[in-house]
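The letters A, B, C, D, E and F name the chains in turn, as written, and every chain counts its residues from 1.
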Amino acid sequence: MALFDLPLDQLRDRRSSSAEPADFDQFWTDTLGQARQYALDARFERVPTGLTTLDTYDVTFAGFGGHPVKGWFTVPAGTAEPLPVVVEFVGYGGGRGLPHTHLLWASAGYAHFLMDTRGQGAGWSAGHTEDPVGSSPASPGFLTRGIEDPYDFYYRRVFTDAVRAVEAARSHPLADASRTVAAGISQGGGITLAVGGLVPDLAAIAPDVPFLCDFPRAVTLTDTLPYREVGTYLSVHRDRRARVLDTLAYFDGVHFAARGRAPALFSTALEDETCPPSTVFAAFNAYAGEDKQIEVYDFNGHEGGGPYQQAAQLRWLPGALAGNKKEE
Amino acid sequence: MALFDLPLDQLRDRRSSSAEPADFDQFWTDTLGQARQYALDARFERVPTGLTTLDTYDVTFAGFGGHPVKGWFTVPAGTAEPLPVVVEFVGYGGGRGLPHTHLLWASAGYAHFLMDTRGQGAGWSAGHTEDPVGSSPASPGFLTRGIEDPYDFYYRRVFTDAVRAVEAARSHPLADASRTVAAGISQGGGITLAVGGLVPDLAAIAPDVPFLCDFPRAVTLTDTLPYREVGTYLSVHRDRRARVLDTLAYFDGVHFAARGRAPALFSTALEDETCPPSTVFAAFNAYAGEDKQIEVYDFNGHEGGGPYQQAAQLRWLPGALAGNKKEE
Amino acid sequence: MALFDLPLDQLRDRRSSSAEPADFDQFWTDTLGQARQYALDARFERVPTGLTTLDTYDVTFAGFGGHPVKGWFTVPAGTAEPLPVVVEFVGYGGGRGLPHTHLLWASAGYAHFLMDTRGQGAGWSAGHTEDPVGSSPASPGFLTRGIEDPYDFYYRRVFTDAVRAVEAARSHPLADASRTVAAGISQGGGITLAVGGLVPDLAAIAPDVPFLCDFPRAVTLTDTLPYREVGTYLSVHRDRRARVLDTLAYFDGVHFAARGRAPALFSTALEDETCPPSTVFAAFNAYAGEDKQIEVYDFNGHEGGGPYQQAAQLRWLPGALAGNKKEE
Amino acid sequence: MALFDLPLDQLRDRRSSSAEPADFDQFWTDTLGQARQYALDARFERVPTGLTTLDTYDVTFAGFGGHPVKGWFTVPAGTAEPLPVVVEFVGYGGGRGLPHTHLLWASAGYAHFLMDTRGQGAGWSAGHTEDPVGSSPASPGFLTRGIEDPYDFYYRRVFTDAVRAVEAARSHPLADASRTVAAGISQGGGITLAVGGLVPDLAAIAPDVPFLCDFPRAVTLTDTLPYREVGTYLSVHRDRRARVLDTLAYFDGVHFAARGRAPALFSTALEDETCPPSTVFAAFNAYAGEDKQIEVYDFNGHEGGGPYQQAAQLRWLPGALAGNKKEE
Amino acid sequence: MALFDLPLDQLRDRRSSSAEPADFDQFWTDTLGQARQYALDARFERVPTGLTTLDTYDVTFAGFGGHPVKGWFTVPAGTAEPLPVVVEFVGYGGGRGLPHTHLLWASAGYAHFLMDTRGQGAGWSAGHTEDPVGSSPASPGFLTRGIEDPYDFYYRRVFTDAVRAVEAARSHPLADASRTVAAGISQGGGITLAVGGLVPDLAAIAPDVPFLCDFPRAVTLTDTLPYREVGTYLSVHRDRRARVLDTLAYFDGVHFAARGRAPALFSTALEDETCPPSTVFAAFNAYAGEDKQIEVYDFNGHEGGGPYQQAAQLRWLPGALAGNKKEE
Amino acid sequence: MALFDLPLDQLRDRRSSSAEPADFDQFWTDTLGQARQYALDARFERVPTGLTTLDTYDVTFAGFGGHPVKGWFTVPAGTAEPLPVVVEFVGYGGGRGLPHTHLLWASAGYAHFLMDTRGQGAGWSAGHTEDPVGSSPASPGFLTRGIEDPYDFYYRRVFTDAVRAVEAARSHPLADASRTVAAGISQGGGITLAVGGLVPDLAAIAPDVPFLCDFPRAVTLTDTLPYREVGTYLSVHRDRRARVLDTLAYFDGVHFAARGRAPALFSTALEDETCPPSTVFAAFNAYAGEDKQIEVYDFNGHEGGGPYQQAAQLRWLPGALAGNKKEE
């Protein structure tokens, strides 16, 4: 797709029109508080994978509502000392998949914690986490489940799971909690932004082509799924526009970004119709941390920087972590 | 779409390869028994619609798990005596919509009960019934929710709701329970077949281009949604083929058809890629009732006979009901 | 389709660049005068439909050139007194279909007159009216038939039929001519606007997502049929641009709108690529009646408000008619 | 499109199931007789084209109903003696276009007569011939105009025009009537077959990838326009299947083929979804002339042999004409 | 495709942002100088075509690197005196095809020289010229072969071939070198512009909907092939944007246009997504010759004016050549 | 894509109709002999990647014609003893990419050698190997380059490179040559089969959804690229069918399979339109090694088994290598 969004110079100044709900912080404080009433109960079970250079653990922890959430935890074989830990979130529709498909961060010397996304994982990679909560009528997909009330919205559960995933990752003895990084692509990037706004002491975040940002613009700018799910919903429930946008404001990456403080490396792609660059820049420009950068890929769609962005992250992360090394 | 399925003469003999589970009847007896432990609690509330020739009621009743299920009940204005009642089920993704969009049956002198489909109703017409039950990882849509276990499968709840909807419809004083008809298009037709197999004393059924039939063939014959949801699921969870087909066998229209006894008017369309004619004929040929007919539309896709099939039903139904008129 | 036309605030002020032909009124006065030289000869023949709450009549009347034009006339069963009458026109490619597919207006207590569109009715619903007039070379469809001369243009015949349809509807004893309403969707909305400008004493008009408006913009803004037929024509007959636009100016809804006086309820949808919102607003803004409203559907395409707009019309019409009740 | 029709060995034996109407010959004898009651009135007017090696004439003659039909007549500049004449018919949707776009046959030393197709010529090349006859409801395009009655069917007029075009071509002093060839691609090939069956003394015919053959198979085998127009018509008018096929039988190339006697060079392409090879072979196999050949293009769609087939015709035609040279 | 590029009034002023390389002229002087170190060795071999009004020759000459390049040379049969000669270049993916497919210019009294494009000719018409030079990794197609270095770029060879083609055409005794015209459509138009800038004494040029112009805009404005090949390349080689654009600047039609002096007739189409009108106007506006015109086709895509533009050229060329007739 | 190829039971017996050229072995013996006249000159240069568990080397070796071919060689960090070595080939259009994108085999304890594919690597992952050999006219892509002569065909160079890649991999001191495995997906699988037939002492091969098999069926069964490139070529060069198929016979995986002896694990997917299952089974059934297996993925397209097949290979390979461990 050729350039379809704003020109780059306008992107550099782009701000979202999403109004932050007055009780945004209270909503999330309450939500996380409720979740923490359940014991985290993080369990790590070593699994055979056929790999020799890495050790992998099958993880279960209690997420929103105390529901069991799955993940993989991977470290270099024979790791004895705590390592900086990268907590990664998966893109829309996918699950944690098979453990041998996530080798990069551990091969680079990090502890790697991959969170499964509840209910997802039958679109392109296999998931193993149930979402036991039902929904009022919703369009196919996850983005409109419970969309008429922020307390019922699907991503309230997912973002809560993600905060708990950080806590679970940090609970492992091979993870150096002071050097915790959140990262992810697309939906994973949107969750990363949420975690960046909800967990105050992260060492760095790396949201790539993040989803779930600047909803007022996203839902009218692109026809591509999953943002289009909202348009489908409102094309049927024609009288719910205000209510739906009110709900989404509690989950908009731009408001989480305004609460982020950790060093951040974003990425966006100018031909990305799934997560258009103006919505990503809206989050980037709102990001409150001073140490922030964004990689812009001119001729890419939603694949974004792909391995080039991985390389950029491998180069950037050591420096971002330098001031955060655990005192020993 | 030009002819893509079997030629008509082979369709006339088509049988499904789906094997009926040994405990099929037990499964459904147990399921319905559990549902009936909840009071039906059918409530009918008159609503203003702007219509003068018909009266409409907003219906709520207890479906699977006792969960509240919505519907519309419509009768000719001023009806005083019980009428034969048509219980209709909605197509995939739709909800009960607005009441003035369902005028045919009541305008033809029937009581009409339209059941909302739980969780659906944000795809093309608005629904108002929550499905409070969550799911293990599922592909976008409803067809793979809980697909690894018949007890968790989404349609276990829907078919149960449908049986209860018949009971709710019959509970209204303007409905002549002895002349109850089940009808529906596509998913509505699939539900109709299920109801036809689970409710022993229906007066007639009219499944149009029914969905949810002959799964073993359907899921490998067509790429069109929603059958393709199963293929998507299995393309990710590559090792669950047998398990998924085992689950689906408890919900296959061909097995309900083998239990149906009421006079039946089916329809199918030879260019229907959504519910291919071979899968419809598999159900029709399995149908146990002796008084059965099928309308075949040669050049239509999933729209099937549309208003021509409505006309056929208006002509057929009085005769089908003739032997069943309530004794007064 | 995400937003592709002007933003809503610019739509509110949008004006067409179409220049009104100097002899516009003369052209139409002459055209209608010629048609009225043929006896209207409106015949209403009661037909069986299987419906009990409504009575339906098969209508024939003399349209343009005295050619027989078909329609359906429907009233509540047993109507004895004249009712306000809604004259409805059909969308592009469709015909009057089967009588049981048009139940809304009569079920709401109106007399309902549905006009078949000459030559159409083999695209999505069946028509039964011949267009006995041939054409110079035309692109597939109806929009370029005779497009090089306003006297030969297809819609000269259709709009004339429509004016005669109003006269035919009013001729029925159960229709209260003083409370005549014109309505229709898409092409039906475009015809409604034409009728609104050509029939001076209508009680109300309700054009939904009207077609045939603001041709200079429409034919360069959208690729979607049927507007694109003009582009196809001009892509072949590359030297006829001015001539074609001159013809279309005699049929542009914006010029009929400037002559409309009846209370009007329009609708448009912001994602409508078939009849883009800027072309609808051009007509709405040109509409000369003081009592006018427009419903805007944000996330809908050409389906527009669908049943929600029907509901809006059912609520609005009694008030619009209030000052026009026939004196008895 | 990969191979989708029968394998080549089965194509070699393919026969149509179309049953010839008992009064087929009478129908056409009557039709042509009526047309010949109008004077042919062929007029040839020299036009400037900018070409120096060829002379072009703008042609008008009386076709069906005496309606004026246009054409181009082209000969090598300075031709003094009669030349064999190729009468060519245009593909669906096109018109005669501009005269400098038809240079092949005259450049090869033939007189060339190109017939415009009535009503067509706004799809891809410009036409200039009106079809003054209207139609009952028809799907977009020409293939269903008047399709419910052979006397009203559009191609009754076109085939009659074509026979008259041969007569017009032969009437020119530079045309050697004894060496008249009919040729055309797609619709032009279908018309060629009709002419081959209706004009007894042609010297040769060259139908390329002919349309209008073996309707019973064509309309169920392919979704591609224009054959699909029939399916669209029958998807709306669901109860007219037999009637429509009855009409088409009077126009099926397989029945004209059974009357052809001239040497013939057909072509077909195995990936042609517009005019599938089985329908072409049905006509070829039915062709009654003993001297017949067919070129088969394995990897082509409807473009068929293109310039390769032109080359084949240039090589073949002199031999085919050898026995027919006008005695001087 | 509806209007997607700038409005016409802005097109009239459109300028490219492409910066001309400082050594642009040196690059091309060196390149052509190297090519001229090989003997031109133009050979013309008469071939039988079945045509009687024209004579055709199979041409071979030495292009870039001395590599043999093919072509067709066609003149009116029996030509004895030198004629003005039109050198034509082929569109992207095509080859010289069969000789009887290029009849226009010779039929209009010109000598016609058609150059085959090296390596191309297996996309839509057959080519017969090898490109013996390999390439670093390239996207499918020709536009990114050697794109990282102007000396390796594929079009360095093609444009050089084209200059040599002019020399070969002029070398034939039936060509009047003083009246040499360059022409072509799409890629042929882009090559025409290059030749117009590299050959100082052309009599006229006629680039239709030219490709290879205003690369900085073209590669971000359209998704359509072949411009999109550059985007594909850069979507993979994400770090080569500057380098690639630097290479393309040596081949941009806007810089050749700034060197053109011959009378010129351009064409463009406002709906052309392959060679968008803004890129064509950028070249037209940069064109240095005073006698320049552009035909604008409002409703056409990349087919542009087609036969209408041919007619325009036939009318325009005699005048353009009038001042250039060879003195005898 | 639903099932489109043969049913599984017929696939189990499927044989190709490709006839093996009489001089097949001689052709390849000569070809490899010529390549080996150039010194292999395999160079391995350690590169920084940011990874800590693996060491990566940038490889260059002399392939066909002595041309430099690139690759990556990766081993577990600190490897001291020779490891079994997996030589992997890349899918069509891709290059070796960035080194951190190939972590599986080395993480599983193997030496891993990834060969770049000459000329490719600008379609989806970056390549760095030039193909310095040009081509006669070819369709976009690589599959028709030089297709009219086996000596000029592109894959003659690629397969030769691949054999040399095996030699280069074996030349590294950390590779245990006696335990050499060839593997790859799609084109990589086709190359794997070729290597399996050309290198007599491989320890195992693992071709996944292999391309380049059973050309006579493949090129008529699927429209999907890259097989369709052959159809495109022949749709233009309509007279070269036999010649092209003759060339392809020298490169057909079914003939290489008939020469393979190593234990083999194939995979195929029943919905794979790119490399249809019948063409894969044709190779599998022709495979001469006794120890062969094939994984069949029922609901997958060309993605095949993906990570599930990787897992299968990780489980299978140790056993396959068990009898081949280097004697120490």
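The rule is simple: a contact is a pair of C-beta atoms (placed from the backbone, for glycine too) under 8 Å apart; a residue touches a chain by one contact, two chains touch by 3 or more.
The UniProt protein names, listed by chain, are A, B, C, D, E, F = Cephalosporin-C deacetylase.
These numbers come from a predicted model, not from an experiment.
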item	value
Chain-contact steps, minimal, separating chain F from chain C	2
Each chain counted as touching chain B and chain C at once	A, D
Same vs different contact residues, chain B with chain D, by half of numbers used	different
Interchain centroid distance [CA atoms averaged], chain C/chain E, Å	51
Chain B and chain E, separation of their C-alpha mean positions in angstrom	64
Sites on chain D at which at least two other chains make contact	125, 232, 308
Touching pairs - complete list by chain label	A-B, A-C, A-E, A-F, B-C, B-D, B-F, C-D, C-E, D-E, D-F, E-F
Residue numbers on chain F that touch chain D, as the complex places them	219-223, 228, 230-232, 234-235, 238-239, 241
Partner chain F, residues of chain E touching it in the complex	93, 95, 119-141, 144, 232-233, 236-237
In the complex with chain B, residue positions of chain F that touch it	1-3, 271, 297-301, 303, 305, 308
Interface residues, chain C side, partner chain B - complex	49-54, 76-77, 97-98, 100-101, 103-104, 106-109, 125, 307-308, 310-311, 314-315
